[in-house]
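Questions regarding the structure given below will be posed in turn.
Just so it is clear, A, B, C and D label the chains in written order, and each chain counts residues from 1 on its own.
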Amino acid sequence: MATTLFDVRKSAIHRLNPVTKLIALLAIIVTVFAIPLWWVAGLIVVLVVAPAAVISGSGGRLLSLSLKILIPIILVLFIVQGLTFPGGKTVIWEWGIIDITTEGLMFALGIGSRIIVLVLASILLVLTTHPGDLMSALTERGMSPKFAYIISSTLQLIPAFRERADSILLAQQARGLSLKGSPVRRVKVMLPLLSPLVLGMFTDVEERSTAMEARAFGSTAKRTSLIPVPDTLVQRIARWLFVVLALAAVATPIALGLL
Amino acid sequence: MDVSFDEVSFTYPSGVEAVKRVSLDIPSGQRFAIVGQNGAGKTTLVRHLNGIFQPTSGTVHVGDWTTTGHTIAELSARVGYVFQNPDEQLFARKVIDDVAFGPKNLGFEPDRAEALVAAALERTGLTAEAQTHPHHLSLSERKRVALAAVLAMDTPVVVLDEPTTGQDEHGVRMIASIVQSLEFQGRTVIAITHDMDFCAENFERVVAMAQGEILADGTPADVFAQDAVLDTARVEAPQLARLADALGWTNRPLTVDSFVDALPAHRQ
Amino acid sequence: MIDLTDVSYAYPDTDRFVLSHINLNVPAGTVAGIVGASGSGKTTLAKIISGFVPHVDGGQLEGTVVVDGATVADVTLAEAVSHVGLVIQSPFNQISGAKFTVREELAFGLENLGVAREEMAERVAEVAELLGITSLLERSPYALSGGQQQLVAIASMIIMRTPVLVMDEPTSQLDPGGTRMVFDVMSSLRDTGITLVIFEHKLEHLREHADVIHVLADHQLIASGPARSMLADPRLEEWGIGSTRFTTAARAARDRGLLAKNVELPVSLQDAVPLFEEFDAKRGA
Amino acid sequence: MSSTTTTPAATNKTRNRILVAAGTVIIVATYLYLVVGQPTEIAQSSFSQSGLIAIAGYVIGAILLAMGAIHRLPTATVAMVPVAIALNIVVGQLVSVIGLPLYLDSIGTVLVSALAGPAAGVVTGILTNVIWGLTLSPIALPYAVVQVIIGVMAGYAARLGMFRLFYLAPVAGAVTGFVAAMVSAPISAFVFGGATGGGTGAIVGAFQAMGNSLLASTTLQGLLSDPLDKAITFTVVVLILAALPSRFRQRFPFVREHNVFGRKTQVVQHQTSTTEA
């Protein structure tokens, strides 16, 4: 069973070519970091990310996952930078030795808006793209099949290894191993737990690589793929458009002399 | 030490009901086997004995303890559990150190621990391999190291989870003799097994399970005589019982001796 | 189809030969069973036949190994594996992990070889049909039972269309239900004309599926013969391989004078039934 | 080892070298530009492209390095990488179960580097963060370069024989942690404004309150935790490796070639390999 966040649905966003979505994501990230104005990030969320999320039907999961990641970061960002930003001069609120500066809050707003876009857009991609499809699409475009193998295989192995780690923990506890005690004792406990895990996992690797060689993984032939990756002319054009937009975003502030 | 399950049910967090209202009394010193296909709830049930699982409802007693009141580490002094896969527990650089791990954790006196370790190695035929790295042994031998490691803890109850898988003939015989000798010491042996011949020849009581429930409970002769039970539990009768059945005999001898003894009576 | 002549082998950095002076011949289209106690060198022999020794494991290999007309030491591993498929003990490790459905997992090897999409689809459907796993095609390979996983593992090798298939204890990690599933497909495999080499502990099943049995003990191929007589051979006890209860019971009956002295000992249920039919059912009741 | 035809392999080799060199140059240039070349006023305003340069430079550099490295890996090593990544993640979680105040989330990377060399470490490192991005949180992605550096440094530490002696490993770990802290600081500063987590954010705030710049504060924060964490990581790895049977360790070609764990019988070979490294 895969451990990814992929949300099984059949929306228009889900059906897009994974590379189209990946390039769109990169263009969005480049744009918000290249034009470092908080309202640009805000516009992208409102005009691009939010509509895409609604169309995909995964908006609810996007919101709950993103908030879990974002709330602590944004909170810490505003408190720390509001209070201690080195360039802070204009004090808007003070209480004893604590003072909050406008510059600090503006800095937090600038950084925070970009982090919000980065997190929302990335998670939306992960929610709407099956990792297997993303890997096939990238392999088709010349990425080494070894990358595809490693990523897909790790995603499927993690649950199995977590199970084995649990099992080892239980086996050693059943032999009287106690997890209580000082930190030094607990570091010592790592050995009977990690050593069978590592040895078992790496012994498996030897078998697995043999099995893969038997299935021509070492072949130098050009790979084919059983399942075709869907693509359309519109998407092909859109991908080039995203690249142009991203480049324009990088050039604009420099051309306008804003930096 | 007596153990008992009283109306024990267990449901996994995923919602799968693995054990359903199981009640069993296993008296001290019994050789007790559980059979059934993978997923029947056998392992889930016996893992209650050392507190790996706590019942969703019902109670599990080990001697005068109720398992809910004790940690896995505490219960390990009473219930020794040999896991199916030895590679999930062997970690030391020498066989002898791995076998000594349990007794050390239980805080035994050094003299007693040493004697127990030596006896366990002897019993499992591993004395000559005491200084070897467990990884350098065959799977069959590694399984015996894991067994020795539990025997050395000197627990009144010993649980064996599929002790004969991956064993060659020599290994199976050695495990059979260990099961017999544990009984002499008055220790309770509880085994899960897919090897029906091993089961019929070495255990005095057999329970067949399917879908978390007990289908039959009795002597091997009782249980292996019930075709409907064997069908539901998806187990095959021992080889000679199947032969007797194919020959149209009404009795089903389970061991080589009882089969051969029955032959003269059938002679035409 | 398979010819090993005077083959000896030692792993890297050791002088100890795990196999010595092995001579083995397996004719095309037959099923050879190889039995041996734990640690007798079965896995090493499986790797020698399939070319992983010496191509991957290195070490010292003497003698010649010819499979499907190719001398294994003289060709690349890529070519060697095009002649022989290998199914390893653990289905969990046989599954590549690179694919999220059984359908794609089966095609993994063909993708690596660059086989055209239409042909892949055809071969996947064909092999799934042969092994009876068509209904599993859209499932995740990791969500299957051990027996089903082993069938997928075997299918993923069959699809490569190698003329020889080596199976190293393919049922050792399965329950009786899974074991039966795997042995059942061996009959279907026979009909495809493939040459099979099976390393196995389960003698009763081996009797039903192998033509010739070879015995591995003390690092040597110590004996071979037709399945029934070889598997009932009393020397198997000394070699740590044992015997089925059918054999032991018939031997005991013979020694007590209940069966003829020259009786051919049984290995499986099918062998045993005619032998004991003279012992009337009703009388025993 | 399986043989490959010579001509494409040779051209691949040149291409891979160029990729690795380009990746390294870009990462170093990015760091220097952000730390040295950047006027302080700009670095202290959110209105600058420092964030873009930090992300783009590091990510592109790491990808080029990984592309150059992956082609060198034989199938046996490729099959090992998922296990190492899973180990990073599973041990990271196990540590929190046991209740240790550490991350220990690069044990797999260091282990694979010690057994299969820096190239394997690079691939393990970058893909660990990709997997984190796919399964937990995308904020791991910009930090991929840090795991890459841990992989490279652990691999070279292994070549230099730092895993032969029990007390050398923590030293190599501390050095690796030092470099990791330096390299990750610009990302923490320019991309995340110092706010990567509750505890770390508070420490960054404290350093800023003492009058340090944002970049200086994230660097100091990193130096407080990374060298210690990596020293412990390397120690745990050396302990695990020592517990594994020597026959298992010696099966890895990298271990044999560079005599990673030392061996009395191979003194001559040992000297040649260390001079090469």
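The rule is simple: contacts are C-beta pairs under 8 Å (C-beta built on N, C-alpha and C of every residue); 3 or more make two chains touch, one makes a residue touch a chain.
Predicted, not measured: the structure shown is a model, and the values here were computed from it.
The minimum number of touch steps separating chain B from chain C is 1.
Top contact pair of chains, counted by C-beta pairs, is A-D. Taking the mean of the C-alpha atoms as each chain's centre, chain B and chain D sit 46 Å apart. Per-chain Cα centroids separate chain A from chain D by 19 Å. Averaging Cα coordinates per chain places chain C and chain D 44 Å apart. Among the residues of chain C, those in touch with two or more other chains are 56, 77-78, 97. For chain A, the set of residues that touch two or more other chains comprises 131, 149, 153, 157, 191, 193, 195, 199, 203-204, 208-209, 212-213, 217-218, 220.
In chain B, 91-92, 135 are the positions where the chain touches two or more neighbouring chains simultaneously.
Taken as a contact graph, the chains are fully connected, with every chain touching every other chain. The part of chain B that touches chain C in the complex is made up of residues 37-39, 138-141, 165-172, 194, 197, 234-236, 238-240, 242-243, 246-251, 256-257, 259-260, 262-268.
Partner chain B is touched in their complex by these residues of chain D: 242-245, 247-248.
Within the complex formed with chain C, the chain A residues making contact are 1-2, 130-132, 145, 148-149, 152-153, 156-157, 159-160, 204, 207-228.
Of all residues in chain D, those touching chain A in their complex are 2, 4-5, 8, 41-42, 44-49, 51-52, 55-56, 66-67, 70-71, 73-76, 78-83, 85-87, 89-91, 93-94, 97-101, 107, 111, 115, 123, 127, 130-131, 133-135, 137-139, 141, 191-198, 201-202, 204-206, 208-209, 211-214, 232, 236, 239-240, 243-244, 248, 251.
Chain B contributes residues 91-93, 133, 135-136 to its touches with chain D in the complex.
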